[in-house]
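So, here's a batch of structures to check.
Same chain, two partners: chain A is paired with chain B first, then with chain C.
Let's turn to the complex of A and B:
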């Protein structure tokens, strides 16, 4: 099963492969930072003093503080690394939540049809019509009252934004797959509706979901940073968050102190690029309209003198290059 | 032939597996978007229109007809995959008779152990993301019959029974790895793994390569002998029906027009439609390329079937009582104009006026206007004179000139029911022969 899933990825070629490799490499660095945060950072994310000695305010980057310190006496390198942990946790949670809810709702809506379908389509279309940042602000406002300003509340408020995308894709593919003969065959062997949805439709309608997931991950990060920048996201005492740090650094940046803003900003940009590259790479791999399979090279057994073969290949390459 | 239970026919007759009575399956037409918006009645298609027959235990019944004749819908209604509009489908199960037409979904799910189906397109009947072992074993799992090692064992048995041996080689494969014939074998394995009583096979070989067709039919006959199956074999291919079926039901526009033992029907077809179908079988003999008496025209719209006998507009043996009506007159006029030059068509077309009002089925048709009535009458007489043997004219009661034009009144038609005739049941006014007829074919 796994080899079946990984098959198309292994057979990628050209652009798709490079997009994937670059994306995975960039994202991998951030994943490592997130996992190893407690060991590679000199301070905790909200730590103002080390061994009773207070950290300097707005110290420029140096051997002691690689990225400098900010106006809250925090070590910026530690904030960036811990921020990677926050960002990835929120992304994973929100993508997971919206994926699960969106896919399940889409399956049920597409399969059951009728009024359930109409109502759900109407509701998700209404959600889709809102600007995503506005929707996230409203929900983080509502949820932070109920759940506090933590990582889970931020993830849930992003979840609401992305459910309609999964819902639409899954619902539409389900509507067309529902009429397939193998679904009728499943009914003919006595499968219940739940079995038909989970065993017969699910595997055939979720194929484009991973691509949406990775593309949404990049978007989720930008939205999270936007929330933090506006002061609605994760509260500063709960976790380090890049958007919040940039907001704090704005005034200093106007005064010529660049380091508190540039490092969290670069982190956001890099992670967004990494996730987008993975998404685009996967899209080119999975989407049959864009996919190009790598041709297996035919290796002919050596014959005669090896040097003459190399020479012939060289001239062939030369003429190819001249054209 | 050993597979034909002629000798035992009387003995098995009482042992019926299915009694279908007056079964009707109607589909609502969707109509235009405006009609849907205002909830207007857009009419129904009578896919199955009052079908009654008996299916005997252990026989192979063929449902034969053109596409659109309702044979597939009838097969699905037997299994409860399509909900009938009215009528009864009585299944004589081991624990007593059950009416499939009124069973709940829950009861139907239980009955699936005994009623199975094989589909036309093997490429679509298997879930593309499920391997063969899971797909074939899923019925056992769904009904909680086997799991684990026993499940695997029974799947292997079923696969080898349908000729996918060694089973280990096929179990981990996906449908996309198999050929059409292999897929159809896997579909058969899935259908028989529960040990069903009835198998509805919906054109099981029509999507397969010629070389594989006979093998699949042989396999199905073998499975029938081993497992004591009853088959309903849906097909448009008379040659395979002749080979495979004990009895054949010929369907036309949602009705059975003739049903009886295969040999009887192929040796002496009674219904004109059956005759036409048999005549349409190509003969591989260049000497016998005689012009065939094929039915004229196209299969009519099932939403508005012809009045009287549904086959009468295409029937070469039609007589006065077959149910002639306004739409037949339209076809006749249009056919007449195809033989005229454009100027004459122009003149006569203006004379008769719009033919659209003839599209509403009626026993009386009005043509032309009050002032042109005499001329229209003359025109009709002229057309009649060209081909007096046209059976439509025999069905005309009278032609009257009135204030609104010429009114053509048709005689009352008969919609023939299935009647016994020489060992088969046939729905035609000519059978049994004892029914008295008016002289057919007008003056001819």
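Let's turn to the complex of A and C:
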């Protein structure tokens, strides 16, 4: 299973590989920040004083506060690093939730067909056509009332937004794979529906999911920050969230105070770009319309000393030209 | 496009129009149920604490939210079908007048953004697709990825900070004087200023449009670059391009005459799909620049827990998305003979 998921990464070439590597590197830095947050930050994410001494308000970046402090007396460097933890937790949760729900629904819907299928397609299409941010706003509005806010409520309100994408892809591939010979063979030897879905269809249908997953991760982060920016996301005492911090910094930015806005802004931008690069790189290799495969090494049997060098030079280059 | 059956264009349009109704119905239902599931009723949430208990009960009765859910739901559906969206709770404004008063600002913002995106996005996309894997391609794609990936409010903030010292307007749709002087006729400030013939006001409004439109336009421009590039790559692989080459037509004519045009057709479809993205982007852009559009209104009413206003505005957004995608599909059917309806 894992080799099936990781297969596309190995077969990348040229620009696609370069995009992938850059994306993985950027994302890796943020993962480190998220993991090491308690040890590399001078203060907790919602800490206004150190050893009983109140932090300064809107202090400019200095040796003591690397990124300065904001209008809520928070140390911005700490907020940015802790924010990575919040962002990655919410992303992982929401992508996992929507992936599991979307894939299962898509498999069942595509395999069973009939009215269930039609109804689900119709519902998800209607949701998909709707502005995702608006959907997330309405859901987080309701969920924060019901669950009392926090990271899980934020992740759940994003989940709903992304289910339709997995559903669509998986359902469509299932519909076309359902009539394939190997599925017919499985049915002929008496395999149960659940076995066909989990053993035969799942592996063949799930291949495009990692691409959607990474692209969604980028989008989910932007939506999460958007929610925070509009004031419907995670509250500042629950966790550090970049979008919220930027919203707080708006008025200061209008007045020319740049540091409360620019650091969380750069963090969002970098992580979104990192995740997008991974998605783009994968897409380039998985989408057959864009794919360029690495040339297979051809080893010619040596016939004479003169020709063996030519064969080696002709196959070493990984980046091929136009087909 | 859904069915391969033979049909005429008018029939296709009617089919699509009929399909629109269930789409909007789903969204209206989801929003209705969600807002009702949320704990706390709209009256005590929006004006509770400020009024006496009797007055609150009177308001609940007037709103009809003391009746069973299905009754309220059917009534709401009936109202929507007759284009009655009700009034806001917190300031008693009819939803239609919110849409008329504030819709103009959102309209000019989004149109300006599309203009920016087309002017920047299409040429860059064509260059990138033409010279695949060159330095220019990589650069343009990185620009596209960045401008799409970076949230609009971050782009907006950077522009605000850059404009900081120059005195260029970074706030609102016009200066207070312009807003005061221009008589509202169409409620689209730019048009009103033009009608009044006040060139100073027109200039002022246009200046205020630059940064927000650029912000939202950069987001869309990322989409366009990517799309035009990929489409060009696909059309360049087409048989007719190969055939043109085989006839000995010089490469630049092949690209310009045969590939470019066909690469641009799918753009129309995608323009339709981007309406949802644009509206979401507009909400964030409006918030960043304190733009008096529908997005700002929606956020304000959400914060005030004003359910009828939120419901009305969200329904309106849904209608806009569905209607524009319908129009785009029809235009697409007219332009592209390959589209079967």
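Definition applied: the second predicted complex is superposed on the first by the 285 of 323 C-alpha atoms of A that agree within 3 Å, B and C clash if a C-alpha of one lies under 4 Å from a C-alpha of the other, contacts with A are read in each partner's own complex, and residues count from 1 in each chain.
Simple rule for what comes next: a residue touches a chain if its C-beta (ideal position, glycine included) is under 8 Å from a C-beta of that chain, and two chains touch if they have at least 3 such contacts.
Remember, it's a predicted structure, so these values are computed and weren't measured experimentally.
Put chain B and chain C next to each other and count what each touches on chain A; the higher total goes to C. By the touch criterion defined above, A:189 reaches chain B but does not reach chain C. Legend: residue contacts after superposition of the two complexes on their common chain; A:254 is shown touching chain C, with no touch to chain B. In the superposed model, A:104 makes contact with neither chain B nor chain C. By the touch criterion defined above, A:180 lies against chain B but remains apart from chain C after alignment on the C-alpha atoms of chain A. No residue of chain A is contacted both by chain B in one complex and by chain C in the other. Partner chain C is touched in their complex by these residues of chain A: 14-15, 122-123, 125-127, 129-134, 137-139, 141-142, 145-146, 218, 222, 225-226, 229-232, 243, 246-247, 249-250, 253-254, 256, 258, 261-262, 265-266, 268-269, 272-273, 276-277, 280, 289-290, 319.
Per the touch definition, chain B reaches chain A in the complex via residues 79, 81, 109-110, 112-113, 116-117, 119-121, 124-130, 138-139, 142-143, 174, 187, 190-191, 194.
Taken in their complex, chain C has these residues touching chain A: 22-23, 26-27, 30-31, 34-35, 37-40, 133, 137-138, 141, 145-146, 148-151, 153-154, 157-158, 160-161, 164-165, 170-171, 230, 233-234, 276-277, 279-280, 283-284, 287-288, 299, 302-303, 310, 314, 317-318, 321-322, 325. Every residue of chain A that touches chain B in the complex is listed here, in rising order: 4, 180-182, 184-192, 195, 199-200, 203-204.
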